[in-house]
Each structure stands twice: as structure tokens, then as C-alpha cells.
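Letters are used for the chains, namely A, B, C and D, taken in the order the chains are written, and counting of residues starts over at 1 for each.
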Amino acid sequence: MANFGGHAIPGSFFLLYGFWLAVKYILKHYWRTRQHKGRQVTPPFFKRMEYFEGGLQIFASFVGIMVEQFVVDGPHAHLYNKESSEWVKLMNWQHSTMYLFFGISGIALVATTRCKVVPAGTDRVALSLALFVEGFLFYYHVHHRPLLDAHIHSLLLVAVFGGSASTMLEVFIKDNIILELLRACFFILQGSWFYQIGFVLYPLSGPVWDQTLHDNIMFVTMCFCWHLAVALLLVTCTSSVVWWTVSRFSEKGQDIEIGMRNTLSKTNSQKALLEESDEE
Amino acid sequence: MANFGGHAIPGSFFLLYGFWLAVKYILKHYWRTRQHKGRQVTPPFFKRMEYFEGGLQIFASFVGIMVEQFVVDGPHAHLYNKESSEWVKLMNWQHSTMYLFFGISGIALVATTRCKVVPAGTDRVALSLALFVEGFLFYYHVHHRPLLDAHIHSLLLVAVFGGSASTMLEVFIKDNIILELLRACFFILQGSWFYQIGFVLYPLSGPVWDQTLHDNIMFVTMCFCWHLAVALLLVTCTSSVVWWTVSRFSEKGQDIEIGMRNTLSKTNSQKALLEESDEE
Amino acid sequence: MANFGGHAIPGSFFLLYGFWLAVKYILKHYWRTRQHKGRQVTPPFFKRMEYFEGGLQIFASFVGIMVEQFVVDGPHAHLYNKESSEWVKLMNWQHSTMYLFFGISGIALVATTRCKVVPAGTDRVALSLALFVEGFLFYYHVHHRPLLDAHIHSLLLVAVFGGSASTMLEVFIKDNIILELLRACFFILQGSWFYQIGFVLYPLSGPVWDQTLHDNIMFVTMCFCWHLAVALLLVTCTSSVVWWTVSRFSEKGQDIEIGMRNTLSKTNSQKALLEESDEE
Amino acid sequence: MANFGGHAIPGSFFLLYGFWLAVKYILKHYWRTRQHKGRQVTPPFFKRMEYFEGGLQIFASFVGIMVEQFVVDGPHAHLYNKESSEWVKLMNWQHSTMYLFFGISGIALVATTRCKVVPAGTDRVALSLALFVEGFLFYYHVHHRPLLDAHIHSLLLVAVFGGSASTMLEVFIKDNIILELLRACFFILQGSWFYQIGFVLYPLSGPVWDQTLHDNIMFVTMCFCWHLAVALLLVTCTSSVVWWTVSRFSEKGQDIEIGMRNTLSKTNSQKALLEESDEE
């Protein structure tokens, strides 16, 4: 993956995932704050979102692993070459390992949403571990590289481990919108920083960056802060737009909703009772 | 900013901000503990204080960025000089970045106070991030400097990251007067240490400090602890004076207040009801 | 213990202990979630499990210390040889120290289960300290070793300190099934990694590993992540099997149980009352 | 203080303080668990204990500072010698600074006990800061020393920073007997380790320790774990003895107490009401 595309693809994924998280959690937060007392059952819409997210994670991880393994110059599922006594394409194996853990995180998300016996928070532990493994492998990945290369990758670790820590906190502090948006923010930051790494190490045009110049290090450090500021801005804008849209739609829908509620109230309360008795 | 003034200006700002925080939170704490059960609405006075603080942060950050950019030997908003293939005045750009995040923190404070939909704690996350970015940039700032210079700046990081961590804790542990005063204390410590850095690196009179002498390092480390002791003392004195003053005034004002309350009680309770129904 | 067996024995113990923890906590979790409101007294079965676990820990630690001390080439309880002015077999003494702390943890577990005056959580503090001491001694143990040897042992520390931290968290966040299974997971990871260390440093067959090759370091790092994935899988499978088994058995037993409950309800509630009055 | 006595004196103080803390908190815990519902006012006995502790801390710190300053070869309150352009006896100044913070902690303890407006937890923040400052100064203290000297002092830091962290936790998790006894344990560990440092660096008899021998480092690391085990044992024994003694005495005293309570109940409840109205 030592080219621009190899950094742009994961970057795009993380960017999209960050936006998706921001939208999902703002919708959930809207539901929590505007919740009508009579209906405490989570609407099936959120469950479907979780299934979709989990399924996509599993699918993308599977594709990622396959591509890393069976690309033309990949290891083709060979780990050790006995003849030459050498490990085969360890870089591809490391990337496969990272994908594997994001796949596990997807499975955990689906399981948590599907089965009531899976304790709440399992999905977040799995996501936190996936980020931890990503950072852990990157950490030993970047040793012995040129100065700028090592520095720009170690800045990525700030976003990765920051995301891992904030996700782990979410296991204990649930339904905290600030932590949830912080997580989205860390994913967007990670995504945009992947692009930045691509631009710096494999410039599409213009001169190659001097890997040892101290001024380049200083600029890159500062640039990471700008990416953080932009990530904060993007999360804020996305959240505001989603909140405003949902508020407007639900206002319009209210008259109809009230009409429906009168008819449906009995059915609803019966359903709620049934679900409660299931949980017991 | 490599002169005494360049350290005295941010130092004064942080000192004043620390005192302001101490006063604000003691007033809030007084309100919380002496709160009359009938009136749970935060008085508009506190809101106005927050607007003032946020507005000042935004204004000061804006001025700071402008000065750093358009000072005589500044970068004048140029980041890269294509002719000489060099970054332009990265130090000024780094300081601008720091100001930017304090500006964002100001905007977050105003937004949190103004809109009910902005989740409580957003202002503290933003402030914590601003301190983190400050420390983060300083950390890479001071590499490759003479021993004493690097050491005296790395001690500053203790105050900066300590403040960042305690502010982040406040997101989860709300209305804890100890954390709030600790934050004030860290800001005062940071402010007074900026002055100390100015005195040590750019002495107004007397001999220049030997940058490599081990005894100087030892003295500076100990001196940081003295600054901490003084910061604790200042926060304690400020708090005591404010508490005592407010107590005396509120005792005097009580008779009148009781008279007013009888008249106003109905209006108040109606207002409270209205606000509550808004929140729903 | 510088041979394969010396790593396989502790590895097996940690693996078994991890599985035991998974089974124990799933049973406890089942009890907590399916708890019938009328019977809040912990069944004596759980107490017996704790006694068994604590007793085994004490016994195994005692045997471990004895073996380390009185093995043929052991120190035979001599610490310092005055004639040659040398410490006697410090490695064996260090292992004895590790066993000692796991013994203390066993005593704490028995005491916490037996006496009501011993505050709940003492057993977890002791276990956390035992893991901390293990990691602490290992940390200084592996200095000045060849690169691969040092690296593979320092990866063990991730599992050890991770377990210590998550166990310490359990002191404050009680009855959290996620933390409890995470602890089991860390023990299984530690156990399987001990085996891996044995395979790498003392291969049963095949060539000796090159201690300085960078590719070996990279593979070992990745392999640690695979062990983590397997540990997660094993904990999940164990938990599912136990949960499913218990659910089936308790369904079958329910009819009888209901019959018994009608008869026993009075006795039970009286017992509960008595125990409550004891606790006061 | 570079002699055996200079390590034995603070060691004795920390040992005694650790035992005092264990006794105090077990008494408090006994009171909390056996508390009769009717009397929720803390008995004046505990307040007197706090005053005594705080007063002793202030007194001991004052004496410590005076001794460090005005001992025969001390700095006599001179900080800088202008003639020789040298700092005067920085080591004594550093020790004075450490004492100063323990003095501040004593003042905070007295203030918290005396005034209701001082927020609960202030004493623990001050004690945590005192330990932090001690560790902070020690950290830069031990740079550039021989290997064994640096190592044995850096192990002390484990006890110091451990105590600081657990005390800071107590600010947020109040009345947790495990944390309170852990604090006592860290102080006893610190005290006994001071003695160990004295024995190793300034042996009363026998040969001088080889400062560079790796085996010495290994033994000292292991020895620290033994000190931890002994500290745990001492805290456990002290707690058990105190608990058992108090239980026996209070059983004997109960008959008399019940008699007294009948008479005093009205007075007590009136007092409680008065105190409650004060707090409002």
C-alpha cells in the first residue's frame, strides 16, 4: 500500500464512518431528548441502522482481507516461505490483522443489537480493541523509518489511541452525546490525516518533501492541529444540519402523529408490556 | 515572541483568566449551596458572565491571530514561499494555531450558554482541547533547544496538560467546586510560569543564566513548586474574599429580598413553569 | 525455568484460570439477570466456588514457591552467599516473589468470601497487585536481553498490565460482566502467550529463531494480536456454551422449582430477614 | 541528609503516619457500618483526631523547614550567593519545599474539619499535591547518579506517585475503605523503603554495595515487592486488631449506651436538627 491510493482508500472509509457516526448519534440523541414518555421502546429504525453498520463493517473487512491477501503482489495466504526461510509480505499480513479486528467489531455490533443476552457495551469494547490493535501495530510499524515518515505516522497514533480511549470510556459512561461525537470526530480526524500522509509521502505533483528538514516536522505537527479543528467543524456542522432537519420534519409530522397515536396508543402500550415481560 | 514581552503578554492573560475563573466558580458555588428551594432557575447574571467570558475569548483570540500574522516581521498570511522553497515564519503560525483553539473554546462557551440543544460540557471539551493543542505544539516546539530552555518549557507542560486533564474530568464530573478551582489554579500557575520563563531566558537586568549548569535546572524545578504553592494561596485568598463579600451582602439584602419574594413569588413560579415546558 | 517446560507450566495455569473466570462470571451474571425477586441471597454454590478458587490459588502458590526454592539447582532458601559475596539464584527468588503475591490474592479471596467485615473488593485489589508485581518484576527482568527476547517478553507486559488495570477498575465498578470477561480474556491471552514465548525461544523442533531479524519482531507483534483475537473467541464460545447450558437446565428445573418455591417461600423469606438483621 | 539518619527520620515519620491512617480509617469505617440510624452526626472524637493530625503535620513541617535551613551546614535562608554566583545548598532548599507542601496539606486538613464552607476533599487534594511535589522533585533529584542509587530512588517514586494517585481518587470516591487503607499502605511502604535506601546506600556495617552490579539492581527490585507484601500485612494486622478491639469495647459499652440514649435521644435529635438548619 506504499502509494497515494493505499492511504486514500482507508482515509475515505474512516471519513465516511466518522460522518455516519455523527449522524447516527445525533438522531439517537434527538430521540432521547424528545422522547415521548409513553413510548420508551427504541424504534426499529435504530436497530436497522446498527445492523446496516455492522453488516457493512463485516463486509468491508472481509473484502479488505481478501484484497490484501490475493492482490497480484500479495502473500496469497502464505505466511512463511520455507525455501528462502523468510516471512512472506508481512506488511499485507499486518493490514489483514487490522481488518480482522474491525470485522470482529462489526460482529460484536450485530450481536449486541440482535441478542438481549449480549451485554450492552460489547460493541464498544470490540471497537476500542480494534482501534487499539491498529495503533499497536502502527507503533511498531514505523520504527526505523525516516524522520518525517515516522513523525507523520506517530501523529496518526494520537487520533487512533484517542479514539480507542474515548470509545473505552463509552463502555462505562453510556449515552453521553459528547463522547459519542468525540468518537466521530476522532474517526474523521484519522480519515483526513490518512489523506494528508498520502499527500506528504507520495505527492501527486510538485517536489518530494525533504524527510529530514526540521521545518517540515514543525509544519506537519501544526497541520495536525488544523485537521483537528476542521474535524470539530465538520462534526458540528453535520450535527446541526441533522438536528435542524429532524426538528423540522418532526414538527410537520406531529399533527398526523397525534392522530395516529390516539388510535395506536393501546397497541403500543400492549407491545411495550409484552417486550418488558420478555426482558424479565 | 522571543523576548520578555512575548512571554509577559500571554502570562498576564492566563493570570487574569485564572482569577476570573476562581471568582466565577466561587459565585456559582455560593449560589448552589445557598440556593433557595423555590428558585431553581439559574439567575441571568451567570449567563451574562459566560457571554462576557466567551466574547472576550473570541475577541482576544482574533486580535492575537491578527497580531501574529500582520506584525512587521510576521508571515502576513503567507504560509509557503515558493521561490525560496521555505515555510514562512512557522513560529508565528504555531502561535496563531494556539489562539485559534482558544477562540473555538470561546465560541463553544457562548453556544453552550445560548442554545439549550448544545449539550452541557461542550465548552469544557473545547477548553480541554485548546489546552491540549497548546501543550502538543509546545512539546515539539522545545525539542533541540539548550538544556535549561527545554527544561523550563517542559515544566510549563505540566501546568498545561494538568489543566487539560482536569478540564476533561469536568465534562463528566459536573459542578465539582474542587475541580473548578483546580482549573483556576492551573491557569494561574501557567500565567506566572510564563513570567518566570521570561525572567530566566530574557533577564531584564543582571547576568544571563548559564543554560547548561545543573544547579540552574535544579533551582528552576524547585521554583516551579513554589509557583504552584503561590497559585494555591492566590486561589484560596480570592475564594475566601469573594465568599465573605457575597455572604455579607446577601445577609444585608435578605430583608429586602424576602419582601420582594412575597410579591414576586407567583411571577417566579410561573416563569419556572414556562421554562420547564420549553425544555420538554 | 529457561526452557520450554518452564514457560508451558505457568502458561497452562493462566489458561485454565482464564477459562475458570469466564465460567464463574457467566454463572454469576446468569444468576444476577434471572434473579427471582424474592430470593436475593447469593446461593451457597457461589461461595463454594470462591473457596475452591482461593484454596487452589494458595495451594498452587505454595507448591510453586517450594519447587522454585528446593529444585535441584535452586537456592534452597539461601539468599546471599557470604563466601563468594554473591546473591544466590535471584531468578528463582523472583519467581517465588511472584507466586507469593498470587498466594496473598488467594488468601484475600477466601477472607472476602468468609468474613462480612472484610470490605468487598479486597480480593480484586489483591489480584490487581499480584498482576502488577508480576509485570513490575518482568519489566526489570528483560532489560539487557537480545532484541527478540526482550520484545516478546515486553508484549507479555501488555497482557499483564492490561489485566492489572482492568482488575483495579473492578474494585470500583462492581458486577460489570464486561470487565469480568475482559479479565478472563487477559488471563487467557497471558497463558497462550507464555506458550508462544516457549515456542519461539526454545523451539521443540526446527531452526532457532534469529534474535535480531526485524521481520521476526514484526511477525511476533502481529502474532500477539492473533492471540488476542483467539482469546476473545475462546471467551465468547465458553460464555455462550455455559449460558446456553444453564438456560436449558434451569428451564427443565423450573416446574419442580416452582413447586418447591410454594412450599419454601415462607422459610426463604424468613431466612432473608434473618440475614438482613445480621448485616445491620 | 546524605547519611543513614537522614533517611531514617523521614522513614519513621512516614511509617508512623501510615499506621495512624490505618487506625483512623478503620475507626471511621467501624462508625459508618455500625452507625445507629438515629445519630448521623459525626462524633466530636473524629474531629479531634483530624485537628491533632493536621496540627502535627503543620508543626512537623515547620520544624523540618527550620532544621533544613538553620542546621550548621545549611543555607540559613540564603538562596543565592552573589559573590560566588552560586546557588546555596539547593538540596536543603528542595527538602524545605517538600516540607512546605506537607505543611499546606496539614493546614487544608484543619480548615476542612473546622469550616463547613471549605469543600470536602480539599484535604485530600492538598495531600495528593504534597506527594506529587515530593515525587516531582525526587524525579529530577536522582538524574545523573550512579545506577543503583538512581534505581533505588526511582522505586521510591512508585510508592510516592501511587500514593498521590490513590489520594486524588479519594477526592471523587469518598468514604471508600479500600482506597483509604491503600493510602495507609503506600505511606508505610514509603517509610520502610526510606529505611531500605539508608541501609543500602549508607550501610551501618558490612561491605559497601557495588553500585553498578546488575544482580544488586535485581535484588533491590525484588526487595521492593517484599516491602509491599509486608506493608499489606501490617495494614491488615493493624486493621484487624483495631476492629476487634473496638467491637469488644462497644459490645461491653452497649448496655450503658442504650441507657444513655434513652435519656439523650431528645437532646441529640434537637442538635441534629440545629446542625441541619445551619447547613441550609
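Keep in mind that, in the parts below, a residue touches a chain if its C-beta (ideal position, glycine included) is under 8 Å from a C-beta of that chain, and two chains touch if they have at least 3 such contacts.
A quick note: this is a predicted structure, and the numbers were derived from the prediction, not measured.
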Maximum centroid distance from chain C, chain identifier (CA atoms): B
Fraction-based call for chain B against chain A, same above half, different below: different
Turning angle required so that chain B lies on chain D, C-alpha fit (0 to 180°, nearest 5): 90
Mean-CA-position distance for chain B and chain A (Å): 32
Gap in Å, rounded to a whole number, between the CA centres of chain C and chain B: 46
Multi-chain contact sites of chain C, meaning residues that touch two or more partners: none
Chain contact graph, described as a line, ring, star, complete graph or other shape: ring
Inter-chain touch pairs (all): A-B, A-C, B-D, C-D
Complex contact set, residues of chain A against chain B: 29, 33, 158, 173, 176-178, 182, 207, 214-219, 221-222, 225-226, 228-229, 232, 243
Residues on chain A engaged by chain C in the complex (per definition of touch): 85-87, 90, 93-94, 97, 100-101, 104, 117, 119, 121-122, 125-126, 129, 133, 136-137, 140-141, 144, 171-172
